[in-house]
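Let me begin by handing over the structure; questions about it come next.
A, B, C and D label the chains in the order they appear, each numbered from 1.
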Amino acid sequence: MIAAAPSSTHLPIRLGMVGGGSGAFIGAVHRIAARLDDEFRLVAGALSSTPEKARASAEALGLARSYDDFAAMARGEARRKDGIEAVAIVTPNHMHAGPAIEFLKRGIHVICDKPLTATMAEAKKLAKAAEQSKALFILTHNYTGYPMVRQARAMVEAGELGRLRLVQVEYVQEWLTEAAERFGSKQAEWRTDPARSGAGGATGDIGTHAYNLACFVSGLTPEALAADLSSFVPGRALDDNAHVLLRFPAGARGMLWASQVAPGNENGLRLRIYGDKGGIEWAQEDPNRLWFTPFGEPKRLITRNGAGAGPEAARVSRIPPGHPEGYLEAFANIYAEAARAIRAHRSGEAPPAGTLYPTLADGLAGMRFVAACVQSSKRNAAWVAL
Amino acid sequence: MIAAAPSSTHLPIRLGMVGGGSGAFIGAVHRIAARLDDEFRLVAGALSSTPEKARASAEALGLARSYDDFAAMARGEARRKDGIEAVAIVTPNHMHAGPAIEFLKRGIHVICDKPLTATMAEAKKLAKAAEQSKALFILTHNYTGYPMVRQARAMVEAGELGRLRLVQVEYVQEWLTEAAERFGSKQAEWRTDPARSGAGGATGDIGTHAYNLACFVSGLTPEALAADLSSFVPGRALDDNAHVLLRFPAGARGMLWASQVAPGNENGLRLRIYGDKGGIEWAQEDPNRLWFTPFGEPKRLITRNGAGAGPEAARVSRIPPGHPEGYLEAFANIYAEAARAIRAHRSGEAPPAGTLYPTLADGLAGMRFVAACVQSSKRNAAWVAL
Amino acid sequence: MIAAAPSSTHLPIRLGMVGGGSGAFIGAVHRIAARLDDEFRLVAGALSSTPEKARASAEALGLARSYDDFAAMARGEARRKDGIEAVAIVTPNHMHAGPAIEFLKRGIHVICDKPLTATMAEAKKLAKAAEQSKALFILTHNYTGYPMVRQARAMVEAGELGRLRLVQVEYVQEWLTEAAERFGSKQAEWRTDPARSGAGGATGDIGTHAYNLACFVSGLTPEALAADLSSFVPGRALDDNAHVLLRFPAGARGMLWASQVAPGNENGLRLRIYGDKGGIEWAQEDPNRLWFTPFGEPKRLITRNGAGAGPEAARVSRIPPGHPEGYLEAFANIYAEAARAIRAHRSGEAPPAGTLYPTLADGLAGMRFVAACVQSSKRNAAWVAL
Amino acid sequence: MIAAAPSSTHLPIRLGMVGGGSGAFIGAVHRIAARLDDEFRLVAGALSSTPEKARASAEALGLARSYDDFAAMARGEARRKDGIEAVAIVTPNHMHAGPAIEFLKRGIHVICDKPLTATMAEAKKLAKAAEQSKALFILTHNYTGYPMVRQARAMVEAGELGRLRLVQVEYVQEWLTEAAERFGSKQAEWRTDPARSGAGGATGDIGTHAYNLACFVSGLTPEALAADLSSFVPGRALDDNAHVLLRFPAGARGMLWASQVAPGNENGLRLRIYGDKGGIEWAQEDPNRLWFTPFGEPKRLITRNGAGAGPEAARVSRIPPGHPEGYLEAFANIYAEAARAIRAHRSGEAPPAGTLYPTLADGLAGMRFVAACVQSSKRNAAWVAL
């Protein structure tokens, strides 16, 4: 036997987590994503606002260190030589800014769930903190991690669609068709609560994903939108359906539909983009396939790692074509990008070419999107600049 | 051998045609549709505005009588004992009202292509003529003839979706992605010409179909819309893309997208309707299948004449499940409905229960839709009442 | 008005029908197919073995002449100046040969339903009669009429798949999952009755279609097969499921599966062919689309009349891409081919290039297929030469 | 901060690996699968037959201990208090038996790639060793780990399909369409080499997966098969295509098709099972959806964790419906099952109810399948008992 001294470049990055105690959906997703490529090791956590629950969750997960709250964790970890290098923040929206600022202040990289914050005021504070920190801020708009989303973006960028005209995006769910928030669903409770979610319901929860995806792939940012928001379920304080018209620079136009009350739809995030030379179509529920439809030629189906797929997709893919990768792999790709950036940051370098993770700018854009939707809808779907 | 004296109930109805000379697409469709169920026999025509072409076309089709223009035909046929009982009008939009009024005046039933007319003024005149005539007026919004569209309508009506909340409809094409109207396409020429098409481009040509289908299946008529129309191809006088928000009575909302510049889409007419109990989804390019998604139950796929399909679909269907029926059969269903109504009309009866063909009211609604889209778009997508 | 003397080239061909009285499924299909392109006019019939039923059916259909039996009809029509030029035979299998021979003898073209006959002995007699007649014999293996089937055949022929290796074909139904023949289904009764159907059950009814399609598209005829037939429903005299291995010349191999006891399958006729350069895939329930998968390139979806579709498909297609054509149109294409051939025959010419209708040779091949399946299965799936 | 002493039940299991050095596909898959649920930690390896490569790979992966060969590793780890508890064997087929026996002998659990071995003789030796060992033997027939495969199995077991009649399974690939083994593909080299793969080519590599899946879901084991194997690529020593007929007890029948020369197919593993009450259909490339087609009712689509999916699927699933899980998650499910069994084994208990991982018996069944295919094919597709 020979000791295989692990090369320092492959030592997992020490990770902490705020939120994500037992029962939380997205915390578990972040942990799997962090672990999948062996780039992070979760060692510390403030997993719950209830200290006992935090401790029990930490023990169940085998964490080395558990804290009663994020502030204690930020202080404690910053002091240690083997303290965490990055922290994942997976709390409800209103609890993003506080911890994020605390860790950024101490130079600890932040990987934060979306949307950025619950309010624009918090978002601005967070932005300031991020600017003043040397640490990185990564927002988990995870759908941009899908290989065929990267492929689509690369194709648009390379001009294969020609000049863009249309961006049609939708994110459609069914889970809030009834008043789940009144029947004991914790997930539904905070997501329909303005105090915890912010001003946007479906808009904030999934509309921001759709918006981010559309911008990511098209390379365009809308100049203005007109939104018609609805709360179909009686007594619901936030929108559960959003109909949005989009206007992009140079005349491109789009539609965005976000709904949580469309029975039969699970996570129907779907993007279609058309230019004067061709179109693409991608759906999250069938993520390994991308339609490319050059005008006047047969439709082409490009599969992950299959013929026609380029290096941008291969870079964030692990297995051969025909073996489906899914949501967790795409989420892990954001973590892998974060790891690349963090490793580069250690040595004062820029992240390797092609590193694409959602940033604070994406988070702010999402906040502006939600605010504009709410404002437009209040003004009877008048146009609001972005 | 025994002469099989055809029972008078099954003597084909004598049909004339205005427009539809050689080379016209929709004329040939009407002829097949009229013939498919042996309910009509085409005997006379004014098939072209050019007399020689009219005559040559009539000869090629084996018509008994050819006329130089529709006025001569109306006069001539009205005079004959064996004159036509019905006429199909398949000219460009600006040539609908004239002939329609002429035949209605003489008590000859009119089967007219959509949209109703090119202008609202013509539409009103036509409406008046129809009111004053005893003859029937049938508008070929052919997509309502698909069996699974009938099935969907019946399910909505029966309350299987609960109270409706969302109506999402789109009709997406690619054929005007480039300036086909400048490269010799007759179809593209008149459809992009305001003098012949009217105020709506994509709006009139396919938007009216989408609008009609949404109303037909949902049983709802929007109260207001907000539209953002575009003409993406330089120099094009009419819209080639329409983004429309819809508001229905009782709080239901919707989106309508009509486009002729989306590469990869051939005739992507797709309807999705959601209520508080379930949803349906149907697509014209896969017309024999209907998704029904009751909330909280497995998704169900209902096939034409398959398990779960009801009498409303069976009534307009000819062959067993798994043997696809298509566009021509759906079109023929409108003709078959027309035939039922005409036969009933002969004996002074109401059409049999379940007869559903698009009427003048549908045509007027379509005209209002186009006008409202144009008006709203000029006012920067402000809401316009319908 | 000017009389439009129909050019003789477009006078519909006078057609008679044997079988197809009221209630029969396939008779109605043949009538629509004959009528769809206005190439035939049905004028005479011996529509049922019961004279009253025959007469009533003829009257309901508006036929000029009704006969009590096919022999009387053959004699009677042959004598008339305006007698039928062609006859459609749409009886159960055991009633194909008799009428076919009778009409062929008198120089009347025969359009006959498949399979050719119920027994090989009949098939041989019919073959002899056909040889001795100047009249044409057309077998309605209707699936070869689909435009994308023509497209597939043309691509194979042009070498786009390279040298063929694999031919996988299946025709899967569900309708005989239970003993429908004992519960009043006329269709099920004769199709499961050896006296009327012949030696093959699923094999004859749908296996012959699958076999014919595979041969038509691949251009190959198997040298040998090994078949394992089953009758899953207790008491059923004929096979309701067939598992068949195929060996083609030059080393290509295949599998054929025909089943009528597979719940969830309506008319699942599906063909996949692979060569050393690429593959194709087509399914009857989605007939307007053809997959073409050149090795090492993105998969391509070719649509009827869309980009990439060639003249062989366009020739048998009526409407633009995205407007689905279906089963009846494909069936009508066989009739249209028959009409072309009959018109050419009139003037002593060969049918126009590209005319492809199934012939007596196809019928005999189907009979050999059924016989070989039955023989192989009795010998425990031993190889039987074809 | 409070130390969160990890509960012993959640300490990851110490894992070693034989094979899987840099560049190997399946080794990386096993590592991700082992890591995904945090149930295993890879600490030792004999990752390559070349010591330097082994060391470099171990270092790159951050392994604590690297060995030059599996024998040294077995001895070394058995001696340590903190030695590995389980080993993953991810070498080519001919290198399964040797290491497996070595570790089993020392009471170390074995997680072994499929097929079991290269030869039946080795398989028998391995079986003996497994019988004599207290350690567990887990075979990674990973496709049985998909949630909807579990769902399908549960539905069959619950009788929802009635009495089974038909089992149709196929695993179709394209990657060996050309002679990849002569153009530098390591994967292709050993998989087409009898010395390393054994007697089966496509049969062993993917046919065993298809066979295992069919048996797993149907609960049936064939009594006999008839196989027609081909080597389409000139010079290839092993089969690259297998056509197989299956006979199950009590009269059920099936077909199995395994191919590596079908362009357009990536990993087309597809299973269809039909009984006298209904059918199911599942495809690996779209793994989160399962069709259930009860005879006489609308087709139902059951989604992972969606309505209609039961506890057997939920048990091996991590995220909500509509967020696709894929190949790695299914593979990880086999590891998670292994972990459950290993933890239970520690305390002398049986694995928790519902634990389903492929065992030695599955491996032996796979070996018999390959042997029977080869034997049958040599005898011209004669039936061979299993």
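Please note the rule applied: a contact is a pair of C-beta atoms (placed from the backbone, for glycine too) under 8 Å apart; a residue touches a chain by one contact, two chains touch by 3 or more.
Protein names from UniProt, one per chain: A, B, C, D = Oxidoreductase.
The structure displayed is predicted, hence computed values, not measured ones.
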item: Comparison of A-B and B-C (more C-beta pairs in contact); value: B-C
item: Most distant chain from subunit A by Cα centroid; value: C
item: CA centroid of subunit B to CA centroid of subunit D, Å; value: 55
item: Geometric centre distance via CA averages, subunit C-subunit B, whole Å; value: 33
item: Subunit A and subunit B, separation of their C-alpha mean positions in angstrom; value: 44
item: Multi-chain contact residues (two or more partners), subunit A; value: 265, 299, 303, 306
item: Residues on subunit C engaged by subunit A in the complex (per definition of touch); value: 292, 296-303, 306-308
item: In the complex, subunit A residues that touch subunit D; value: 1-7, 10-12, 25, 28-29, 31-32, 35-38, 44-45, 55, 58-68, 72-73, 76, 173, 265-268, 284-288, 303, 306, 318-329
item: Parts of subunit C lying in touch with subunit D, wherever the complex brings them together; value: 165-166, 168, 174, 177-178, 226, 228, 230, 232, 241, 243, 245, 247, 251, 253-255, 257, 259, 261-265, 272, 274-279, 281, 291, 293-295, 299, 380-381, 383
